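Take a look at these structures.
What follows is chain A paired twice: with chain B in the first complex and chain C in the second.
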Partner chain A sequence: MMNNKNNFNITFYLLIVPVLIWLIFMIVIPHAELLISSFLVEDDIGDMVFSFGNYIEFFTQKIYWLTFVKTAAYSIGVTVLAFIISFPIAFYLTKVTTKKNAAFLMLLLLIPLWVGELVTVYGWMVLLGDHGVINHFLIWTGIINEPINMLYTNFSMVVGLLYMSMLFMVIPVMSTLQSMDDSLIEAACDLGASKWDIFTKIIIPYSMPGITSGAIIVFMLVIGDYLAPNLLGGKNSLWFTEQIYNDFLQTFNWNEGAAFGFLLLMLSSGIIWLALKLSGQKLDKVGS
Partner chain B sequence: MIRSLPSSALYRIGYRVYVFLFFTFLLMPLIAISVLAFNDSNFISLPWNGFTLDWFFSSTDERQGLFSDEELIASIFTSISTGFFVAVMSTLVGTLAALLFEEEQFRLKGLLYFLALAPLVIPGVILGISILLTATAAGNHIENTFGLDIELFRPSYWLVILGQFSFGATYVMLLVSARLKKFDRTLEEAALSLKATRLEAIWHVTIPFLRPAIIGAFVVAFILSFSNINTTIFLIGSDPTLPIDLYSRIRFSSTPVLNAVSFLIVLTISGLAIINFFANRSNK
Partner chain C sequence: MNNILEIKNLSKHFDDFTAVKNVDFSVEEGGFFSILGSSGCGKTTLLRIIAGFQQESEGDVIIRGQSMKGIPPEKRPVNIVFQNLALFPMMNVRDNVAFGLKMQKLKKADMNFKINEMLDRVGLNGYEKKKVTDLSGGQRQRVAIARSLVMNPSILLLDEPLGALDRKLREHMKIELKLLQKEIGTTFVYITHDQSEALVMSDKVAVMHNGLFEQIDTPRNLYKNPKTSFVAGFVGDTNRFELQSTEASSMTTQGGWTLQQPDINRSAQELYIRPEALIINPENNLKDVDQFEVTIKTILFDGSNTKLSTMVNGSSEELLISLPQNAQFDGIEEGHKLNVGIHHNDLKCF
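Presenting the complex of A and B:
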């Protein structure tokens, strides 16, 4: 019996030690280091000293906090748009079309996801440019005479952000809708409810857990994105992640970059925490 | 409205048009880049000048095709080997984490589980900069104390692998956990009552049951690594991965060779997706 108990312990340590190494060295220590670095500035003789300077810089320079607020507002906007666009698709795939069609359409849905963001952002550059495919097509058909300026604007940036994030709304909503009993909808229909009522009073409340998971993932991906604002956005569509990239890779002001990174982390986890509280969900449901 | 209910023709047609437009939107960028990879032109735009394979095979100064571009080929190999190591490490630790959180009870379990899920909601940029800051601090400390310069602590090939592993393990854990939840625990108990040790029970009973999920998770970790840019860009050393190389080309020197590479990526992914589709169907 004693031997058996030892065995259990060995297994337990075999499982927990690698996991602890991963979590402590790759998650806990780096984020502690991020926080510490954000409070350091270089003094006159080149030593690093404790200071709130990086954070004061953020609040006193208008461009920084304005970009921060704009990034947050756009991210919320894109999340709402992603919901509006994706919900009918998730509903179509689970409840309207045949299972066979749905399986094929799911395949199409997953390809852009796995191809990766860089390739798809590049695809949008090719489509939206002044000499791009869409302008070429519109001129060729005679709808317009001069190319419309679409690339390097807030419009193209939002298209790119929506494109790379909306699939993460479709998938969790589909998984909640799959468990929904069709007879709920049939009953409402028999009792004379309109389509709008059925959608807003039955289907959407039922799929709320999926919508929350989707919204959290979409929001996190959008607020932390770099490629779409950088390659598709214009001079006026500065994204907060771009400030962090500049600090790290161009001006080499790592401590300010750390402070900005920490602020971004606080913002994204704050909004996600709020969304979880409001919907009464737990984080582990988001993952599944 | 749903399969079993009648609805007006206008509603049905409207809905179908919407779905059609959605999928057009979804596939348009992929089709555009793929088609333009074969356009006989030095610019990435229409008009269509005829079909060519120059952007794959040519090696003139004016047109350097994908297969004669040594830099590009090198970055593809860097990405493949990076993806392989990331997938191996993530699969190993992620599977252990799934077994740990599903089957063991211990103190601070909730906290550790929360940390293991954290990479899902931490933007990739933040993971990248915090790992860069930590590695640099550790590297400086070791250099000052022992006079050793260790490559791992500078932006390098191995630091990229560590950085991508930090979130890869989370996705593997979730995928393996999902299958582990369907596992009939009495099988493991049966093995234990037949005098197997706990380790033997896991190895001979649980792991074979998990095998499809583990293989799937390995592929997912590989693809996540292969397409990652947000975390990687901070940790990259002298040999760029494919997305980093493509990114700097898009910004500074676009030629249709970018379309050729993108086309191959689209082709590979579509191939994998179709194989997966038919494999799933024959399982059912």
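Presenting the complex of A and C:
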């Protein structure tokens, strides 16, 4: 009996140790380090001293504020757009088309993931540029005379962000829709519900856990993305990750970068918390 | 009595087979009508056509004298209780029951009155705020029935709603459902593969086989006087024998068992005898009763459903005989010889 218990303990620790190492060395320590360094500033003689200076800098400089708010607003916007585009796709793949078609179409949807974000972003640059495919085509057909400025705008940035994050909305929504019995739709229909009622009162509430988890993933990916805002949004994109990048690699002010990194973490956690509260979803339900 | 539902020569063809073949019947107002058939006989298709989820290929569905051609399911005066119940899992009991009324945009006060009355009726008072996923099987059943009945349909369609319940609960719900139907007087059309459900609850039962109605009758008649060999074999337990020859007033089975029968159908191929129609140790002077001797092979004990597996002496036929569990037959053991009688009317030949 004793022996048995000891065996269990050894296996248990063997299994838990890698997880603990990962958690402590990859997540807890770096974040603690980041948190500490965000409260340090260089004084006049070059020593590091404790100060709220990095955070005060953020709240006093209007440009940081603006970037922060814009990043949050656009991330929410992209998440909503991703939902609007993804839901019909997920519904079509699970409830309308045949299984074989769905598998093929799903493969097509996955292609952007295979080639990586950098390649897809450059792909969009080729499409959207002043001398890009779309402008060239529109001028060739005579619809426009001058190229439309699409690249390096908020539009191109949103397109890029949507393109790289959309799939992460499609998949969780698909999995909840798959578990939905078609007879629920028939039952609602039988009880006199119109198509709109069925959609808003049955299908959407049923897939809410999937929508919420999709929304969290998309939101996190978008708010922390650097490539799409930088390459597609250009100089005006004002994405908060760019401020952090500048602090670390252009002005070498690592302490301010750390502070900004923490602010971004607070912002995204705060918005997700608020969204969960508002939609009445529980994190444990969403995760499953 | 006027007919609330009339099905006129209804057929449903799919690509490569016909699910419903020229079915024609009517249901009286306030009746409990069952369609009994094994899985794949077309009964679900028939129900879905009545509900409007599928289109008939030929024929017509008439409810209260009005043809249902082209009328979508949400506009038909029928409601359906689905096989898997199809309760809305994200809503509580009350919201499930209220769903249809909300779609009708009923006044709040009327709605509350109707919901409370219905929950009272099905005994779910006090469960309003419970999630349907937290309920037991029988309670979920009642929610599904309440959700449909609160719409006050002309006809309630039930698609094997008791199939998922365990045996004890199913027996209980059978009686409850029958009483509920009597009480509210709504016409029920009930489909099932379980003959006991159909026989216990229904006023009329239609036996369906391969898309055809074999017989529409009262449960008692269906059991006592089956019209076709399928019905005789399907409804209730039975002994089936192939006939070798038929004479003017006797017949002989393949196994060499000869039975007396005064008015015989000379073209008959099969003979059906119910285990419970056999009389153990009959008195000698019973009229119209043919007597013979059997040897008991085994006793198949199953409580009130106990049967004797026997061989008919002088032949190679096996015969199942019901054995009532009372003091009169307590001494019966395997290997015993037994005198058995059968009334002429209980020999069913087809």
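Observations on the structure shown:
The criterion applied here is as follows: the second predicted complex is superposed on the first by the 272 of 288 C-alpha atoms of A that agree within 3 Å, B and C clash if a C-alpha of one lies under 4 Å from a C-alpha of the other, contacts with A are read in each partner's own complex, and residues count from 1 in each chain.
Here, a contact is a pair of C-beta atoms (placed from the backbone, for glycine too) under 8 Å apart; a residue touches a chain by one contact, two chains touch by 3 or more.
Computed from a predicted structure; not experimentally measured.
Aligning the two structures on chain A places chain B and chain C side by side, free of any clash. In the superposed pair of complexes, A:Y92 makes contact with chain B only, with no contact to chain C.
When the shared chain is aligned, chain C comes close enough to touch A:G192, but chain B does not.
Contact with chain C, but none with chain B, is seen for A:Y206 once the two complexes are overlaid on the shared chain.
With both structures placed on the common chain, the touch criterion links A:F248 to chain B but leaves chain C unconnected. Legend: residue contacts after superposition of the two complexes on their common chain; A:L184 is shown touching chain C, with no touch to chain B. Contact with neither chain B nor chain C is seen for A:N236 once the two complexes are overlaid on the shared chain. Within the superposed three-chain model, A:Q61 lies out of touch with both chain B and chain C [touch as defined at top].
Taking chain A as the reference chain, the count of touched residues is higher for B when chain B and chain C are set side by side. Of the two partner chains placed around the shared chain by superposition, chain B is the only one that A:W124 touches, whereas chain C remains out of contact. Seen from the Cα centre of chain A, chain B and chain C lie 90° apart once the structures are superposed, a value rounded to the nearest 10. Smallest inter-chain Cα distance, chain B versus chain C, after superposition on the shared chain: 7 Å. When both complexes are aligned on chain A by C-alpha atoms, chain A residues 186, 189 touch chain B in the first and chain C in the second.
On the chain C side of its complex with chain A, the touching residues are 51, 53, 72-75, 79-80, 82-84, 86, 88-91, 99-100, 103-104, 147-148, 151. Residue ranges of chain A in contact with chain B, taken from their complex: 4, 7-8, 10-12, 14-16, 18-20, 22-23, 26-31, 33-34, 37, 85, 88-89, 92, 95-96, 98, 103-105, 107-112, 114-120, 122-127, 129, 131-133, 136-137, 163, 182, 185-186, 189, 195, 198, 216-217, 220, 223-227, 231, 241, 244-245, 248-249, 254, 257-258, 261, 264-265, 268-269, 272, 283-284, 286-288. Across the interface of their complex, chain C is touched by residues 181, 183-184, 186-194, 197, 201-202, 205-206, 208 of chain A.
Interface of chain B with chain A (complex): residues 1-5, 7, 11, 15, 18-19, 22-23, 25-30, 32-33, 36, 43-47, 92-93, 96-97, 99-100, 104, 106, 112-127, 129-134, 137, 162, 165-166, 169-170, 174, 177-178, 197-199, 202, 223, 226-227, 229-230, 233-234, 243, 246-247, 250-251, 258-259, 262, 265-266, 269-270, 272-274, 277, 281.
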